[in-house]
Every structure is written in C-alpha cells, then in structure tokens.
Amino acid sequence: MQRIGVFVCHCGTNIAGTVDVKRVVEAVKKEPGVVYAEDYQYMCSEAGQQKIADAVKNEHLTGIVICSCSPRMHEGTFRKAAEKAGLNPYLVEIANIREQCSWIHKDMEEGTEKAVILARAAIAKVMLNAPLQPGESRVVKRALVIGGGIAGIQTALDIADAGYEVDIVEKTPSIGGRMSQLDKTFPTLDCSSCILTPKMGEVNAHEKINIYTYSEVEKVSGFVGDFSVDIRKKARYVDMDKCTGCGLCQEKCPSRKTPNEFNRGLNTRPAIYTPFAQAVPNVPVIDTEACIKFKTGKCGVCSKVCAAGAIDYTQKDEIITREYGAIVVATGFDTINLDKFDEYYYNQSKDVITALELERLMNAAGPTGGNVVRLSNGEHPKNIVFIQCVGSRDVTCRGKSYCSKICCMYTAKQAMLLKDHYPDVDVHVFYIDVRTPGKNFDEFYRRAVEEYDVDYIKGQVGKVSEAENGRLLVQGVDLIDNRQIKMEADLVVLATAIEPNKDVRKIATMLTASIDNNNFLTEAHPKLRPVESPTAGIFLSGVCQGPKDIPETVAQAGAAAIKVVGLLAKDKLVTNPCTAQSNPLFCNGCSACEKVCPYGAISYEEQQVMDGGVRENRRVAVVNSALCQGCGACTVACPSGAMDLKGFSNRQILAEVDAICR
Amino acid sequence: MSIEAKNENKEFKPLIVAFCCNWCSYAGADLAGSSRLAYPADVKIIRVPCSCRVNPLFILRAFQKGADGVILCGCHPGDCHYSTGNYYARRRMTLLFSMLDYLGVENGRTRVEWVSAAEGVKFSQTMNEFVEKIYSLGENVRLEDLRCKKN
Amino acid sequence: MQEELIRRAKELLGDGTVVRVMGWRKGDLSFNPEPALFETEESLAEFVYDGFCGANLSKYMIKLSKLEGKTLVFLKPCDTYSFNQLVKEHRVDREKAYIIGVGCDGSLDVDAMKEKGAKGIQEITEDGDTVTVRAIYGDKTFDREDVILERCRACKGGAHMVYDELASNADEEKPARDGRFSLVEKIEVMDPKERFAFWQNELSRCIRCNACRNVCPACSCIKCVFDNDRYDTAQKANADTFEEQMFHIIRAFHVAGRCTDCGECSRVCPEHIPLHLLNRKFIKDINTFYGDYQAGADTDSRAPLTNFTTEDVEPSIVQERG
Amino acid sequence: MYKIKKEQISALLETVGKAMDLYLPVNNNGKTNFGFWTEDAKVDLETLKTVKSPKDAFFPQSEVLYSCYKDAKKIEITPQELVNRDFVIFGVRACDVRGFQVLDRVFLADPVDTYYAARREHGIVVSLACGEPEESCFCKVFDIDAAAPEGDVVMWAVEDCYCMEAKTEKGENFLELVKEHLEPASDEDSQKTAAEQEKIRQIIEKFPYSHLSLEGWDGNATKEKFDDPRWKELSDACLACGTCTFSCPTCQCYDIRDFNTGHGVQRYRCWDSCMYSDFTLMAHGNNRTTQMQRFRQRFMHKLVYYPANNDGMYSCVGCGRCVEKCPQGLNIVKVIKRMGGSK
Amino acid sequence: MSADAKLAQQIREISGVDTRKCMKCGRCSASCPAYNEMDIRPHQFVSYVQNGNVEALMNSKSIWKCLSCFACVERCPRDVKPAKVIEAVRLSVIRQRGENFLSPDEIPALLDDETPQQLLASAYRKYRK
C-alpha cells in the first residue's frame, strides 16, 4: 500500500500569489494513496527539507510529491532530502506549479485548479515509481579541446597544469587562432603576438598537452567520463618528425598564387606553407589544391630542396581514436559574409575592408609590412571612415540580431593607432551606440575622441560608392546635427559582425550539444552554468558560446578548465538510473530497438525464457545500463512494449495522461 | 434538465496535453514561465526525456480520456540531447498524424513543434496558437471514448 | 502442378534434406484447403495446391524455425516478402527453411463468387482463366480476374524474393500491377467528415476476433500489447467505438514500414473490413515522404521507422497538404 | 397463420421498431449482421447467414455489469439496470434459435445469470425458415429442421409473401401488435408453406455435410477423444484468432474486466475465446499452454463436455459459420469427420 | 486616448510598422536620396509617430518629397520600414483632404529643376487624377 506525502511550496508569493496553496493541500489530501499533505513557505530551504524528512519518518511515506518550481531547479535538492530521510531518491516527483502554472496564469481560480491537476498527475506517477539505484561509470583522465585559439590554448594549459592530459585538435596547420591575426589588443595596446606566442610555446612544450593540428574531429561516441573520439589527421605531406622548420621549401615553391587565408586573402602564399612565422608546430603543410606536383605530377621542388627529407607526397589522412573524460569546445568565430550588404561596396572596392583585414594591414608581419595603404593603389589613405554594426544588431535576414560586442573597442583601438601612426589622417566613426562596459574600456574610447581627435558621428552610413576621382564616396547621416553627410574617403573599414565558426554545427551535432538559432552553443544555465553545455561532459570556451573579447575569453577558458578538472578528478561517475530495460518475456528479438539506439547500448543474447509454463530459448534484447542515456527511442520502436524506460515507464506516463485527462 | 442539455450549456473548455522533452522544450516552457509569457491554463505539460519517448499509444490514450488536443514539443532537429531522438519522433508523428487525418480526425488536433530551451517566447506563442486552434475545432468527438465522458 | 510439388516434397523428405513439409491440405469442400504440416511421404497424398491456397505460410516458419531439422515450405511470390521481413527481424531462421517458390495466378476468393451469385456451391474447378462453379441454385462461370482476392489485383509481380528452388510454374518475369494506391487516394480526397464516416462505418463491424493480427506476418509479437495487462492497453472486445479505432491504428502503426502488403489481413477479416487500406496508407506515406520502400524485398535494409534523414518532412505536412 | 406481402414487411417493421427495440439483419457495406432497426437501416432478410450469430441480442459481446464512481476517496457503486422492456429479434434462422437454447442451459441454470435472464424474458424471437440453405449448413446433423424453426413466431418466405405463425403466447402478443399489417393465411397458403418446407428439406439432403456422422462423439468419449493424437495435425494451422468463437451462436465464454474511466471504474464482461492464449490465464500461468490444447478444448466442449452435462445435447447447431469464416479453412466438420467413428 | 495618440495609432495600423522596433541608428536617413529636400527626415518620421506627433508630419513637405524608393526599408537593420510610415502619413493627409487632392494643373507650379523625375511618376501612381 502506497503512502504518499505531498508538499506544496509557496515560494514566497511566487506560487502563493496565483495559486491557493491551502486549497491545493486540501484537494490532494483526497487523492487515493495520499496520507499526508502540507504547505510551506520555501520547501527548498533547510526548514522545508526538514519537514520532508520528518514526514517521511513519522508518516512512513513510500513516495513524495513536491509541488514547487521546475524539477530542473530543485529535483536534485529534493531527491537528496529524501535520501537523507531514508527514502530512495527516485521516489520523489515534482509538480511544476511555478514556471508552468503560477508564473503564467493570473487568475487565482485558474491557477489553483491547474496546480491541483498537475499535483494529481505527479501523484499518479509517483504511485508507480520504483526505487532506482544509480550505476557507476569510469572517468577517462584525459580531456579534448576542440580549437587551438586563445580559448583552447588557455583551457588546455589550465587543465594540463592541474595534472591531466589534454589533446588539442585544431583544423588549421597551426594553433593560435584569431588572436594570432591581431596586431594590438585593447585596452592596453600590447602586441597580440607578444602575449600569445609565449602561450603557444608553452602549450607546445607542455608534457601533458598533445597537439593535433591540421586535424578534425570526425566522430564522437560515448558519454560524460567516457567519450571515444575519432580524429582525422589530415595528410600534411610533410613529416612532422623530420622537418626542421627551415622554411626553404616555402621560399622555393613555384606555386604562389593561392590567397593567403591568414592574411584574409590580402596577399598570396605558396602551396607549401605555414600560416605565419611563429606557427606552432612550425611544420608546413602542402595545399594539394594548389600544389603543382599534386595537380600535374611534375614539380617536386620542395622535396628536392628539403635537406631533412621531410616531404612525403604519399602521406594519407589518418584516423586515430582517443578516449576522453571531458570535451571542451573552443571553436571560435569568423566574420560574416558581406555579400548581402551591397551598399557598403565591399565586394566592389579593394578600399573597403573589414576590421580584421585592417588588423593584418597594421601588423608589421602583415602583407604590407604594417603600412596601412589603399589596396587599390598603394597610397596612404588620408581620410578613413569606420562603420559600426555592419550586420550586427540586424534582425533582417542579412545580419545577426545580436551585438558582436568587440567592435566598439577594436574600432577605438584601430582609430587611435591610425592617428598615432599617421597623424595626418582624418578618422571618422559612424556609430549607433558606443558600448564600452569593461574595465578601463570607456576611458579608452574617450581617449580616442579626446586625445586623438577621432571624429565619432552618431549615425549610420547608407551607401558607399565610388567618387569620380577614384576615391570612395560615403553617404551617411549625422543624427545629432540632423544633416546628411556626403564625404570622400580613402579607406572604409567595416566593423563586420562576428558569427560562430561554420563547423560548430557539425561538431555540436556530433557532441549532441545544443545550439541556438545563431549557432552559438547553448550553456547549461545562462547565469549559473555559463561554461557547461547541457550535455554532460561538454564544456564551452570562448566565442563559440557567445561574442566576447580576449580577457573574457581567457576568463571563460579558465572556468571551463576548472570544470573539466573537477570532472576528471572524480574516480567514478554516478550514472543515471533512468535507463531502458527489456522484459525478456515480451521481447521478440526483432532488433528494432537496437537500430534506433544512439549509444549502441542494446545487444542481443539467447536466453532461456519461462513463459506460461513453457521453457524456450529466445533471442532477447539486453540493455547496457552504463551506455544507455535514457532517451526512450527504443521503447517506441518496440511494438510489444517489452522495452520500457525506468523513471519514465509506459505505465507512469499513461498514469499521468489519465490523471490530467480525468 | 437532461444530460445533453447540460452539456450544451457548458462552455467549451479544451483539455490539451503537451508532451515536452526534458532538455529543450520543457526548459523552454520553464523559460516562458520565468519570462511570465502567459498561455492558457488548458495546457498541461507532461515531461518526457525526449520527444522519441512519446508512444502513439500515449497520444491516443489522451484522446480517449478526453483530451481535445495533443502537442508534442522537442528539441530542434539536429539539436536533440540524444542526438537522433527527435528525428525518429518526427517520422513517427508524421505518419501517425497522417493516419489520424486519413481516418477523418481533424488534423489540427495534433501538432509537433520544435522548441529550444531558449525559445520561451516560441513556447508561449505555440501554446496560444494551439489552444486557439482547438477552440476553433471544438470538442473532440471523433476520437473519444464515451465511457470516459464526465456527466 | 500439384503432382510436381508432391513429387519434389517426397524427394526432399526422402533424401533427408528436410524433415517436414509445410504446405496445404485438401479441404472437405473444394474451396477450403488448410495450411498443414506433412511429416511422412504417405501423408502428402492429401497435399493440394490450387487457387484457394491463398494462405501465406511464412508466419508458420516462426514456430517451425524452433524445431530440429529443416522444413520445406512452399511460398508464393508475395509470401516471400513476408519471409524476408521475418528473417530481417530475426523471427525465422533462413537456415531452417528449404523454400520452393511456387507460381501464382492470383488467389481465388470464394466470397467474391458468392457475391456474384454462386449459391449452394458443390464444386469449383479452375481451368486457366476460367473458374466454373457447380451449385445447387445454378452453375456459374467466372473470369478468374473477377474472382481473385483484392491483393492479387495489386500483385507485386511474379518474382520470388527468396527461394532455394523454383517450381516449374514460377514466372519470375510476371510484371507487377499498378493501381495499388488508387483506393487510398480515393479516401484521401474525401472531405474529413466523409472519411471519418467511411472508417467509422467500416470499423464498426469489427468483432475483434484478432484474425487480422494473428494472420499477419508482421504482427509476430510474442505478446501483443493489446493482450498485455501490464500497460493497461489490453482490450478483448470493442467496448467502445474508440477501441475499434485504437486497435487498428496502433496495429497499423506497429507494422508500418514492416508490412509487405501481403493482404492477409483483408483476406481473413470475417467482416470484410478493408484493413489493407490502413497499411497501404502508411506504405504510400512512407514512399512519398521517405522514398520508395518495399518491406521484405531484402533482409538488411533499414526500415523507414528505424531510420531518418536530417531533411525529413515535418509532421505539419499533414496540415499543409490540407 | 397469417401472411403479409413481402413489399409490406417494411411497414410492419416500422410499427415494431417504433414500439420497441427491434433487432434484425441489417446490411452494412455488403456484410449483414443483426443490428437495431432504424428508419434508414438496410434490412436484409435474404442473406442466409449473418456474419455474427444473433446471440448478442441476449449475450452482448460487451456489457457493463456495474459502475463505480470515485469521489475523492469515496466510492459509489451503481449496478447496471437490467433489461426491462420487451424487444424483438426478427428473422432468426433455425440453427440460431437452437443456439439460444444451448445458451439457456448455461446461463439459466443455477446460479441464474440475471443479465441474460432479463433479456431472455423480454426478448421475442421471430424466426425465419431458410428458403435457400447453403453448402456449409449441417443443422440437420443436430436434428434441426431449417424448414420449421422454433421461436415465438415462425415465418416462411412463400412466393411474394411471408407467412407467420405464433408458437407461444409471446408470439401471439407480437402478432397482435402488428395485426394491422397482416391478413389471415388461406388453406392454399398453408399448403404452399408445406410445399416450401418440403422443398427446403430436399435441398438440404443434397448438401455435402447433411449426412455427417456424429458417431463416436458423445458425453462418454472424454478420455478417448482427449488423448487422440490427431488433434495436433488438425490444429497445426490454427491462428489462435477468435473468428470461430465470435461468429458461433453457441460459444458462451466470457471474461470480466475493469475499465478505468478516469472518474471511476466500469466492470464489464465481454466475450472471450478459448482460442486465445490468455483464456483462463491465472496467477500461476495457464493450464493450456499450446494451441493444440486450446483447439482441442473448443471442440471437446462442443461435442463431448457439453453433451455430458446437458442430456446429450451438443453445443453445435450446424450453422456452418466457422466453416465459412475460418481464415485457414479449419472447422468443426473437419474435426468431426477426421476423428469421428473410431470407436 | 488623446487625438494625437489615436492618429499615431492609425498611422501604425495603416503602415503596419511597429515604431518601437527602431533603434535610432539613422541608416534610413543615411540612405535617403531625398534627404536634403525634407524638413522632417526619415528617421524622425519613426520617432515622431512613436511620440504621437503626427500633426507635424502631416504638415511636413517631406511627405511629398519622399520618392518611395524604399532604400530605407531595404537598409533598415531592424525591419522598421520608414517609407511605409511616410506613405501612411501621406495617405492620411489625402483622406482628410478628399480624394482629388493632386490635380495635374497644380503640378507645373510644384516642379523645379531639382525635383527628380521619379517623384512625378510616383505622384501620379499614388494620387488619383
């Protein structure tokens, strides 16, 4: 005989404001099986939990229903409370009468009525709950970091420094990421490479860190603590062990027409190349699309000049399988494609560039050796116009609805540096708002205006076109003066919106990590768990989670690392006991369940079954509860209902349906 | 007053069962709640681990016991917490709904909507729309079990 | 033909290839042969193969797979799809069956003859495309085409999907017939109210004898959910019209993507409910939404409901197509 | 004896149908079954055999025994009201009328089944002689005369008329109710009726099953028949469906179940079939574990157990429905033939 | 509701524009080819309606200067559609003054060298007779 206790939480006035909790208590007392019901201000408080413990003891409860906030908030709390009181934690059910009732309904009558129904459904379910015992699973003491930018580098370093092995998978030939493309960093104006290169070196030298550059994640299986990942190491055609990094091959390579990705296509590179001088590892790769040897079979110059004999045209992609306990996504960002923004003349004019391209122009190691010139004619620009929010804060299909966050600051930085290097230039910045919430950020922006005379114009540019004299004609508006501006400019710099790296969707799917409409990975909780994915064992670092600058990225990278370390420090993980289970009496052995299981948790074996007095050998499904994650796909694939899910059994769900539809 | 007359006078109050997957849509419903985005109290949510947990039997049972509409919400295709669950759910529900339609049951009574944990607004909008649709369809009489009628 | 099959069965029994034969035994009327097991050469004297041997023997192989030794089973072209599907679902053991593929000119439907006026039937004889009925209230002659089962009008063709040998009457080249979905389409274009009335009327005749389920090679569950008290889904009689719908919807859903369209359900329904139209609706939808699929054409492809693509249509298609 | 023109029968039925429940063969999409008369029902008195027998007029496939209503923790029990108004079953064939008698011996024996008894008391059986019996008929084997059915009122189709004769007081009351539609039959009509009866009997002689021998099948044959090895080959093809049982006019087994309505429980009974694997399933399991055993049970019951307990009366009436309807061509005739006469 | 607010509401209804969506970036005005002809500028139209000051708009010459080129609609990052607001104001004016507001006879007097041809075309397209 079940003895159910029901506890109704006021949640201050959050619930009690629209739900008459006393009436809920009275109503549930009449439900069959309910022997105890009470209400309390805050069930989740110590005192509230004590009330549960007391009732379990005094009333010999066999199950508990808590009518409170979402189970996503406090299911764990109440399960622990039950466990402390000596009740199996899985004999607890939550009726969500806050998020799904009191907060959305205004009428007391309506709210109360619905709360009672939700409570009844929870009671009907808990009557069928079975005590469940969680299993254990191992923790592989190694982490995978996907992406070798500053986010990935910092995460890897922090994990490795805590004593755990880390692998970094980076799809380009070198780690370093976007930060390696930058010239100076705000708000202190240190040189980007000067602060990044040492970290790259540190990663490279760290005995706990293993770097797979020019590699991609191909397949992920398993679950928290025990992932198995296939990594495709793309063929470099250069032997990593033999190459000395002398660079002669790159110098001699006759194919030199490929746009240089690292320099955003502002110049070209050879077919055999390292992206930049400080690349880690300093081993080139051959771009087979560009390589004459690969295209025609004739050439082989690199092989001839390589004293180390490191060139190997026969290399093949290699797939290695590694096990990890945790995975950090640090896939970073790219700038959006500007094809839909014709009015800025970007595709038409070489003198309209993105801010990231300007970084390369300003960088001493860049295509112009740090000279900012008009790419159309090599002349120094005299009048430079910056346009903010290009594609950011744009709800149309052309842009991104979010603020890219970093543009205001880098524009101030770039404007200041330009004025610093070339005091003769005029710099105008068209802006909607200047957003500078950060330590020393607003001061930095004001310096651009007050010390460097950068002309900030509150307004936007409607059109960039070519003037008759070959300069650019910028038509904008100054909303303060209420005048339309038409000015000639030599260089127009677009603060192009940033978006998550294109590969992130593929990676998120492999990791079963959720992703939002803008392709940013979703965090487990926007405030309380910002560096974790809702998928256990997956952590987020850097811009893949949302726009952020370097200090924020580094901070988040460290936070992700400590979360990983916290996970890897455990010897065993407690597994979800809500797993599928097959009843051999009803199992047909048809394999339908096996086919839909995403975890390969179902296998088949011959079992002797005693059915209605007849002993028979049957092929029956067996679930590996360590692998099963409890999705329930198998339960519906199974026509006979042999497969059921603990914690969400057919009978439990049907009982809820019945209770709601009563 | 006869039973029939009593029923006729009764204002139609739909009963709607919403199956929500734990990871996206239930969280989306929570977000709708925390954002105070109202939708009618006629909607009652049942939490399931994944949209693929929803058996056609559950849906038919809801109708049998008096539901006027059943909606299934899950993660957006591609975003399933269990990677593939909603793809199976999508096929199952497409076929089931098509069959119900073939049997002459009003096709507006069943619906699938993908609602992410971030889409509190969409959750609330969807529920508002769905409830409105059920109001326009009226009481479910084509898939009901007379024994379960309250009178 | 019959003699050839008997001779071959005797040979196979005799040389020990098989230890029993699953075939059809002569009935006591000319139109009611029964599926039967023959374990001796002598018993094969009662073996029959004619137009009334419509029963699909593949499902019997579930039981027979559990026995020692091989069973010789005669399968018509459409029966082989069912057999393959059962192999795919690990319900029958291919190794335990020796299959002779027999040809089929379309199974005869005695009810169709009765509807066309044959009454007090004493004897029915087949002669090629002509079927002659000797009857107390008047003899009748029919074109075979007019008195075959509905399923044979949508014949999948003469090819056997699986066999160990073919009988001489097997015609692997015989083409499939069209128009399999014409009745489904007719229902689809009805107004929902009409559709509802149509099915309500058809299903209201259901007596829940379970013949459709029990004969169905796809309904091979050891314990059907409708017989299982564990899930509160058990039903024994249609106590309410809802239960008629429930049973047939769920049954059709459970066999969706697995039903080979063998038509046994409609053949055996004592009330002549066109149950195959439910299954064909699923088949049609599957073909439309997910690409052509024929259950039982092979033993290793993935069934539509245990498969997906990321580009699958959304369930809202049901509303959109109106 | 009375008579009525065939074309006027619908007026008579209307009179009856409006006065009381009238249960009669109705065609629905090509298939005829007993159903309630309504103004637009397609009454079909031509079809010889309805798919289901008319037994559900007295013993419905599903009937509520009582209902419980739950209000909080209180339960209120409402018994099902018994049938208390007269009703008519019209157009019942001879075999099916005899079927009622088989049921009577079960349900009216002590302890009396009150639900059945109430229906039986209020039901008026109007039978109809079989003008054109068919090849699957073998009622003659059980001494049933298709030309002279039993019942409260007996009808014969004679040329363009139906002739009617009351056999009981209930029957006379019925004819009284419809007398406006009837005219007294003449001597000539009586002669024609007798001729029609003779014709029917002659036709029946020609049917393959009419001379079936029941030798060896009786209440004393329990042991011998039970142990017969031929049950296996007879039952090999059985699908374990309930077609035979549910179309049979004499099968009387039922199951009692509870249905949760959400606001209470309805206890109902429904037909069960001994062919089903969960028939007589008990907590320990099932005493019949194979289909052969279930198959044997059905025929042993009809041909051995029932006669043993009912003065030699068989619980088969030779209607031939199972012969026509068994999906796999199995039937009681095959059983009688193949295993009979072996004493 | 005040008369002003009512009028503003009417403009919102006719235009289908939610003026609250405007984030005051000015891209409409930055894009406008008739900007210099206008006394009240495209971005102001949106904020005037938002603030309930439709009267001023109805008296503005801007409504006759707008070319209906829809550049502002194209470029607006918030999907506000300023041109529709202008059109709605124009329509309200026409409705108030009666249908035959723009007579061909009046046109020569309104023309000057600066007026783009397109304005004329658009004027004929929009106003009866």
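A, B, C, D and E are the chain letters, set down in written order, and residue numbers restart from 1 in every chain.
Assume a residue touches a chain if its C-beta (ideal position, glycine included) is under 8 Å from a C-beta of that chain, and two chains touch if they have at least 3 such contacts.
Being a predicted model, the structure only gives us computed values, none of them experimental.
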| item | value |
| --- | --- |
| Chain labels contacting chain B and also chain D | A, C |
| Relative to chain E, chain with the most remote C-alpha centre | D |
| Most centrally placed chain, judged by C-alpha centres | B |
| Chain A-chain D separation of Cα centroids, rounded to whole Å | 71 |
| Intercentroid distance (Cα basis), chain B paired with chain A, Å | 31 |
| Distance from the mean Cα position of chain E to that of chain B, given in whole angstrom | 46 |
| Chain D, residues touching no fewer than two other chains | 259-260, 262-263, 277 |
| Touching two or more other chains - residue numbers and ranges from chain A | 596, 637, 650, 654, 658, 661-662 |
| Pairwise chain contacts under the document criterion | A-B, A-C, A-D, A-E, B-C, B-D, C-D |
| Residues of chain C touching chain B in the complex | 187-188, 190, 192-200, 225, 231, 233, 239-243, 245-246, 249-250, 252-253, 256, 278, 281-282, 285-286, 289-290, 304-310, 312-319 |
| Residues of chain E touching chain A in the complex | 21, 23-32, 35-36, 41, 43-44, 71, 75-79 |
| Residue ranges of chain A touching chain C (in the complex, touch as defined) | 585-592, 595-596, 604, 611, 616-619, 637, 639-642, 650-651, 654 |
| Footprint of chain A on chain C - complex, ascending | 66, 89-91, 220-225, 228, 230-233, 254-255, 302-303, 305-307 |
| Partner chain D, residues of chain C touching it in the complex | 27-29, 32-37, 52, 55, 60, 115, 119-122, 135-137, 201-202, 204-205, 207-211, 213-215, 227, 232, 234, 236-239, 264, 267-268, 270-272 |
